[in-house]
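This structure is in structure tokens; I'll ask about it shortly.
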Amino acid sequence: MSEMTRYPISQEDLDMVKTVTTLREVIQQIPDGATVMIGGFGGSGAPIELIHALIDHGAKHLTVVNNNAGNGHVGLAALIEQGQVDKLICSFPRSADPSVFVTAYKANKIALEIVPQGTLAERIRAGGAGIPAFYTPTAFGTAVAEGKPIEVFEGRSYIRELWLKADYALIKGDLSDTHGNMTYRMAARNFNPIMATAAKVTIAQVSRVVQAGAIDPEHVVTPGIFINHLVEITHPAQEEELNRAEAVYP
Amino acid sequence: MIDISEIKLSNAQIAWRAAQDIQDGAYVNLGIGFPEMVASYQPEGKEVIFHTENGVLGFGPAPAVGEEDWDLINAGKKAITSKPGTSFFHHADSFAMVRGGHLDVAILGAYQIAQNGDLANWSTGKGGIPAVGGAMDLVQSARRVAVVTDHITKKGEPKLVESCTMPLTGVGCVTRIYSSLAVIDVEGGHFVLREKIAALSIDDLQALTGAELLTTKGVDALICPEALG
Amino acid sequence: MSEMTRYPISQEDLDMVKTVTTLREVIQQIPDGATVMIGGFGGSGAPIELIHALIDHGAKHLTVVNNNAGNGHVGLAALIEQGQVDKLICSFPRSADPSVFVTAYKANKIALEIVPQGTLAERIRAGGAGIPAFYTPTAFGTAVAEGKPIEVFEGRSYIRELWLKADYALIKGDLSDTHGNMTYRMAARNFNPIMATAAKVTIAQVSRVVQAGAIDPEHVVTPGIFINHLVEITHPAQEEELNRAEAVYP
Amino acid sequence: MIDISEIKLSNAQIAWRAAQDIQDGAYVNLGIGFPEMVASYQPEGKEVIFHTENGVLGFGPAPAVGEEDWDLINAGKKAITSKPGTSFFHHADSFAMVRGGHLDVAILGAYQIAQNGDLANWSTGKGGIPAVGGAMDLVQSARRVAVVTDHITKKGEPKLVESCTMPLTGVGCVTRIYSSLAVIDVEGGHFVLREKIAALSIDDLQALTGAELLTTKGVDALICPEALG
């Protein structure tokens, strides 16, 4: 059963920003040691409010899957700065200000698994699609391929990669109807739709929850079957803007 | 052989019984034909979201005759409708949904079900043209796979068997059988009888079943509404 | 270089149904012996005009990939009836009237490869995504798995399947802009978007070609990179309706 | 060592030269940083469609300062714009596009390029924090992979070498190098000199290159506009 907590469910609630308490209620189910996929590419599509609620909640020893390693002192960088992340699986741990991650990494306080970006995306997609392993030409002959099975198909060499799954996915969308059918905003789509499919429990923050039928069935990017909890954050923070304002969380 | 023609449940009654077990909010795929009837008997107050493997989630009932749009069909190529909450997606995404274990329930028909949960429903093995469709994907990956079926074939042969003699659709996949005579679970490599129609004794039912029926957990009466439209 | 023939390219052409001559020009590049993916699930999304142009063109010894095996005496059934198809790769060769395929199959005039529907879709997606092989639980322990490598991941058995690619894909969309960015109509989407990615040359028929910018970038289902040729068919035939009218082609 | 500081091409000139080879209608991915400059020098009358691996095809130029929407960025996290013909898609679809061989050209920077086409551009191998991003996908699967680079390092060491000493990004993937001194193809395991700047002899160029330069096919003058904005 895909249980979905629907906030809000009544028409009157539709323009209301949900309280931090509600956000906390959703996030506090995440236990220590969980594997958590966090959507976004840099700050675009990063679910800042969900990440900050995870900081408030305080779950530790997390394994986090994200394309990057945080920027400045908000969002994922803040989660790392709080010492909550034991391991990061990402493709590109660089940013305008990666100092939080760099400090933790050099102090051996965080483990790092580097995955080529396309392989990272495909492993996540495979996790959601019930494909335990697949072959890719990416990284053949490089250090990333070390220890991985190699096979030749049609005269070309490929390496075998495994799916990637998570206990929780924290994602950011634009609109969602009350069934959890979601849309995204431009390049903020990035990893969010595939992470929604690859976690046991997917928690989505969206800018607006609308009635079923308000989103054209042709325009749904993530069908509601993948969404377990929906939180409405009407004016979500944008990581890039927080960093330009030199914000620090908490 | 016991004549069950007068006492067995109708397909509508079997479908009704299967519908009672579907939880509120479940995502459900119904096989082509008989299993589709399950959609007609959803208990009031429960919302069930139906998936069809050709790329529609949360579709509505069949349109009136003459109102069909043949771009909007289900896996059985019958016309359906959209409704608030419907979404469309392509075939790879649709089966990613199936294979990834996101469907709560798949309900299919059967030629044979073995006591270990093996299902044969795509080929009688007697020649003819093979056709698997999406069944092999559904039975291997839906969280719960149930079968709706007559308890015996038209020739009186058991459909619940020790091991399937027909080509398999999936291995160890069926967990519950809604037959025309009983509700039977597959547990630990055995058929476990849960409910049976009152007109038949357990011994009679065993005689119509091709493998041992365990009754260790108690057997309830299988009661369905008489008139189902 | 993804060359795309754009019909029509001028604003004045937008409401004009393209002539059969134009359709023929596009289709006549398909040689004998080609592997051709044809979109559609039953009649929904089947590019009837493209298939009929292929019949007019007369290419033979084709390998066709489609979910089904045709219905009645139009579309794919007509292509088979003309003796142009040597081999069919499909999941479900049944329909309301499968007599054309059944006759050809029983006379050993057509070879059949049965692939479970989800595996068929994933093999096509893999072909377009540069994934030569993947593991799936589907069909493990069945006749379909015979001869295929088996591997255990996390305690469960999976079979390995190979990608599926084609020389040509014939697909049907709803709108396309002049870049080939496409949308579909409801369940007529089905195999069309993935086949568009898996062929060397993709030929799309759409109901209307619109100017770039007329389709919201959020609503594009198939980006134009996958489309090589675009043919506008303003009132496409619907296979189901043709069959109800007992149509026969040619 | 020859002092090339006064005669070598600027990054803008290298980018201009690379841009001239991109065919009309091509789908192109430009690496973060220097390669992005190639977009500024597209010949008039040619339409090139740019891909960024974070899920945008056919995007427009950077917005004016203050007009940025930070939900619309490129792989370098710089703000971009949409324009007629833009489309958005998720990361798996974006790399399916890359891995499936649908991109016509990828242009990247380099630490080292070997004469067999091996590319090293993600790690100097001297420690530090590894970061591959999307480069390993792009170099292995784009139809044509080109490099824009200084011909030698700041310390004067060759970047075109017999075999890479730094960790590889991809094997045998680069087919053309646009350097600050020359245009060089990789063919049959060798560097083949196509164009060089007039101020340098072939022998001088060979002295600045870590592997043999073949000149069997004739060498043209590498001429770029003087002033590039």
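Things to note:
Lettered A, B, C and D in written order, each chain numbered from 1.
Here, a contact is a pair of C-beta atoms (placed from the backbone, for glycine too) under 8 Å apart; a residue touches a chain by one contact, two chains touch by 3 or more.
Owing to the predicted nature of the structure, the values given are computational and were not obtained by experimental measurement.
Common neighbours of chain A and chain D, by the contact definition above: C.
Between A-B and B-C, more contacting C-beta pairs join the chains of B-C.
Per-chain CA centroids place chain A at a distance of 36 Å from chain B. One simple way to say how far apart two chains are is to compare their mean CA positions; for chain B and chain D this gives 57 Å.
Rounded to a whole number, the gap between the C-alpha centres of chain B and chain C is 31 angstrom. For chain A, residues touching at least two other chains, in rising order: 122, 125, 129-131, 136-137, 184, 186, 217-218, 221.
Touching of two or more other chains is recorded for residues 56, 82, 88-89, 95-96, 98-99, 141 of chain D. Residues 122, 126, 129-137, 151, 153-154, 156, 158, 162, 183-184, 186, 217-219, 221 of chain C touch chain A in their complex. By the touch criterion given at the top, residues 52-56, 68-73, 77, 80, 82, 88-92, 94-96, 98-99, 118, 129-137, 140-141, 167-171 of chain D touch chain A in their complex.
By the touch rule above, chain C contacts chain B in their complex via residues 41-45, 67, 91-96, 98, 101-102, 105, 112, 114-122, 124-125, 136-144, 184-194, 221, 238-241.
The residues of chain C lying in touch with chain D in their complex are 1-4, 125, 127-131, 177-179, 181, 197-198, 211-214, 217-218, 220, 223-226.
Of all the residues in chain B, the ones that touch chain A in their complex are 23, 25-27, 49, 51, 57-58, 82-89, 95-104, 141.
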